[in-house]
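First chain A sits with chain B, and in the next complex the same chain sits with chain C.
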Partner chain A sequence: MSVLELSHVTKRYGAFVAVENVSFTVEKGQILSLLGPSGCGKTTTLRLIAGFENANEGAVMFSGVDMKGRRPYERNVGLLFQDYALFPHMTVVENVAYGLKHRNFEKARIPDRVAEMLSLVRLKGFEDRRPSQLSGGQQQRVALARALATNPEVVLLDEPLSALDAKLRQELRFELKAILSAVNATTIVVTHDQEEAMSLGDSVIVMSAGKIMQQGAPTDIYANPKTRFVAEFIGRSNWFTGQLARSAKGMAELNANGGIRMFVNIPDSSPGDGAFDVCVRPERIRIGAANASSGDSPVNEMRGTIRDVAHLGADLHLVVEIAGGQLLAVTEKYFGQALEQSGQEVSITFLPGDCIVVPSGS
Partner chain B sequence: MKRYIDNSAAWLSAANIIVVLVFLIFPIAVAVTMSFDAREYLGRFPPPEYSLRWYRHFFSDAYYLTGLATSLRLALITTIVSTTAGVSAAIALDRYVGPGKQALESLFLSPLIVPAVVIGFALLLFFANIGVFDGFTRLLGGHIIITFPYTVRTTLAGLVGIRKTLTEAAMSLGATERRAFWDITFPLARTGIVAGAVFAFAFSMDDVAVSLFLTSPDSYTLPVAMVSMMRTNFDLTIAAAAVMLMIFTFVLILVLDRTIGLDRLIGKGVFRS
Partner chain C sequence: MKYSRSTALLLLPGFALFLALLVLPLANVLDESFRLFEPGRIGSAKDAAYTLFNYAEILTPSYLRYFAETFKFGVLSSLIALVVAFPIAYAVARQPSPILRKLAIGFLIGMMFLSTLVRVNALQLTFGPTGYGQLLSGLLNVSPNGRFYTELVVVFGLLHYLIPIAAITLLGTIQNLDPRLIDASQVLGASRLRSHLSITVPLCIPGLLSAFMICFTLCLSAFVVPMILGKGKVLFVSNLIYSRFSEIADYPSGSAVAITMLIVALITIYGITWMVSKRYGNLK
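What follows is the complex of A and B.
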């Protein structure tokens, strides 16, 4: 039985539908990311699970038990708030012990449990500090220790890394994952940051306007987005819009706007003809002419002019202008090669298999 | 040239502060000094000799002592009632979202705007109409009304800095809403609450305008006693009474602050982190 199950949950505020017919399950020890832009309903979903809001329709079930009408303190969730919500007038120990006291944890064992949690988040020696005397990363670890101390059935993380600076974020992401797996926590991460969602989650749900757009493993969502919204929200993308005509088995030709023609791979199940949007990821586009040895599979080759080269450390971000004035984003790895120059004429290539086909306007 | 204007503006504001300080402190210093005057009549400042005769006079005068006792009793009860009511009202206001919130807030603060004389007179009529003629009860009613806006205001100011997520965090950790209030909201708002209590006490001790209307022959406050003595029997006992009023206000504010206020162990100031 799933630890957490949402079944056809809908939440309305007056005429506004914040969450519409959302269903998903989370298994023991799994991390699920809820990803979407602000206002997509992900935070409302989190609040419905925590019990701060009640669903108008549908059910939130913990291990098969309907939580309907149960207040937050009658559910066993551990919540990590975006602003950490540490109690400023309590020490680190008092913060971590707070949940243990109120969840009827055996009193004599509270100090041991607090010490255990603090060593888990590597904050030994900070017991008597107040939150204001800790750095952002330390505050977050206290908040995590506090949320995990009571052994919650479900752990909810609200934008866990967004308040931290980029460097700290990478360190803590790894640490957070290690801690969550150490206690085998069943976790839901709510975030608008695709990196956070994909790096933390075993599974990702992309939401928009209160609805689930797509659910899958991070790689699956990145490689096979079902809609333009999902493709654009996760990762960077170049778009070609036009009419698709099936040419051979698993292959079609796109007559894109601006006179661009290209071959794309499409699954047999796809209708194959009609208006479609085609996405090519920046890292799938190669600079340079096509290899003669590519065999009989067709290669899409275009001429273009480099308009910008940005060196971002390991990655080079290029902007290439192709026919019709369309600008393409291209990513290359930097391994010491001579950089292309702005204004330089180049050939760019990508394979039909690099193209992601989604219904037009989706 | 611009620099000179800036500089002279800085000098002007410094001079301004000094002038204000002089005007604030000088009259009080004169009153305190004169209360130690050894002369029997009201002479020129400064007194040639000093003594405690006016203080002896004050402490042997039953009229003043009754006033002081009433003032202290009144200020204490007023502080307790006004703080309790003000805190409850502020919490309700803070949590309430919906139409009329602004209007309600203004209504709670309205005694600040209505002239005290009007409040005093209106209360006198009101108490007469409902048949309350006991002086102390009337004074208490009046003082609660004039101090209530301060306790509401300062508590609200204390509550505003407390993030809603703190209460939610407590609830997600198993605390009921009531428990979360006593564990989180109340301690964090305490600075504001205590400030309100201090204001309530000070304003109750100090008030003349409202009290004048509501006193009865056997229930009058020290400031009222001072006003009536000034008219009938003007001597420097009034200066001594003024000093006593200041001392009692100051001491009681200090005690209030030390006992329920600045709990150094628990924290510092208003939490806004």
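What follows is the complex of A and C.
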């Protein structure tokens, strides 16, 4: 049985539908990311699971038990707030012990449990500090220890890394994952940051306007987005729009706007007629002419002019202008090569397999 | 910070006013309080001898009663005002509709513009013999002319202006409180009431302390409320000072009472502040 199941959950505020017919399940020890722009309903979903809000329709079930009408303190949920919400008038120990005290944890065992949690988050020696005497990363670890102390059925993380600076974020992401897997926590991460969602989640749900757009493993969502919204929200993308003309062997030719023609791979369930959008990820486009020995598979080749080269460290971000004035983003790895120059004429190539076809305007 | 000449010049008018209107009269009162009073005079004679008699007199039970009464009513009414005002302030601070919130704040501020005389007479009208006095005293099973009922109406009179002031003072404190702390507490298993008792109230101690101080100070200086609603049964130190000065023109005695009251009030307020900040020193 799933630890958490949402079944056809709808939440309205007056005429505004914040969450519409959302269903998903989370298994024991799994980490699920809810990803979407602000206002997509992910935070409302989190509040529905925690019990701050009640669904108008559908059910939130913990291990098969309907949570309808149960208040937050009548459910066993661990919640890590974005701004941590540590109690400023309590020490680290008092913060971590708070849930144990109120969940009627055996009194004599509270100090041991608190010590155990603090060593889990590597905060030994900070017992008597107050939250104001801790750094952001340390505060977050206290909040995590506090959320996990009561052994919650479901752990909810609200934008867990977004309050931290970029370097610390990388470190803590790894640590967070290790801690969550150490206690085998069933976790939901709510975030608008795709990196956070993909790096933490075993599975990612992309939401928009209260609805689930797509669910899958991070790689699956990135490689096979079903809609333009998902493709654009996750990662960077270049777009071509036009009519598909079917050809053999799961391949089609796109007559894109601006007179551009290219071969694309089409999914097994062949798309119908009409307009399609084709996405090519920047890292799939190569600079340089087509290799003559590329076999019988067609290669899409275009001429273009480099308009910008940005050296970001390991990555080079280039902007290439092709026929019709369309600008393409191209990413290359930097391994010591001579950089292309702005204004330089180049050929760019990509394979039909590098193209993702989605219905136009989706 | 270095004070330049222009800073000093800016402070000069305020300082002069402070000297002329506060320090000088207070020094006069202090001087007067040590003078010998001859009955029949108005105030002390110009070259009256210095004496401690005026202060010694205060230690007699009939005088001490005024002090005890004032402090009793002050502490009691201030505490009741806090208990009543806290939920009001919380509801206003957490009111999601900005229009309703502004209306509520406007109403609280408007309450403070009401003249004390009007309030007191309105209460007298409402809870006196012509109003619900009979009904209320009957419900409480006390005499409408008895001491308890009179004390009750005096407390009503004090609460009438303490509650809005306490609520407005607490409003800021509660608004600064992160509402997520209550969410966090509930997720950790504490009911709403327990969450407020273990999170909201302790975090509001500094605000509660200032609200208490304001209420308590206002009670100590209350004059019209005990004079009219107290019906001669409940009298505060202010009423004593008034009668010393205006009724028998014993300025030295009135001054001594006033100085004593000032010192006792200051000690009380510093004492309470010290105790609370020692206990909750971490809360700024």
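Assume the second predicted complex is superposed on the first by the 360 of 362 C-alpha atoms of A that agree within 3 Å, B and C clash if a C-alpha of one lies under 4 Å from a C-alpha of the other, contacts with A are read in each partner's own complex, and residues count from 1 in each chain.
Rule of thumb we're sticking to: a residue touches a chain if its C-beta (ideal position, glycine included) is under 8 Å from a C-beta of that chain, and two chains touch if they have at least 3 such contacts.
Bear in mind that the values here come from a model prediction, so they are computed numbers and not experimental data.
For the composite obtained by superposing both complexes on chain A, the positions of chain B and chain C are in clash.
Contacts of A:P72 after superposition on the shared chain: both chain B and chain C are touched. By the touch criterion defined above, A:P131 lies against chain B but remains apart from chain C after alignment on the C-alpha atoms of chain A. Shared-chain residue A:L120: touches no atom of chain B or chain C. In the overlay built on the shared chain, the residue A:M302 is in contact with neither chain B nor chain C. Residues 50-52, 71-73, 77-79, 81, 83, 85-89, 98-99, 102-104, 130, 146-147, 150 of chain A lie at the contact with chain B in one complex and at the contact with chain C in the other.
Taken together, the chain C residues at the contact with chain A in this complex read 178, 180-181, 183-192, 194, 199, 202-203, 280, 282-283.
Residues 50-52, 71-73, 77-79, 81, 83, 85-89, 98-99, 102-104, 130, 146-147, 150 of chain A are the ones that touch chain C when the two sit in their complex. Remark: chain B residues 163, 165-166, 168-177, 179, 183-184, 187-188, 266-267, 271, 273 touch chain A in the complex. Chain A makes touch with chain B in their complex at residues 50-52, 71-73, 77-79, 81-83, 85-89, 98-99, 101-104, 130-132, 146-147, 150.
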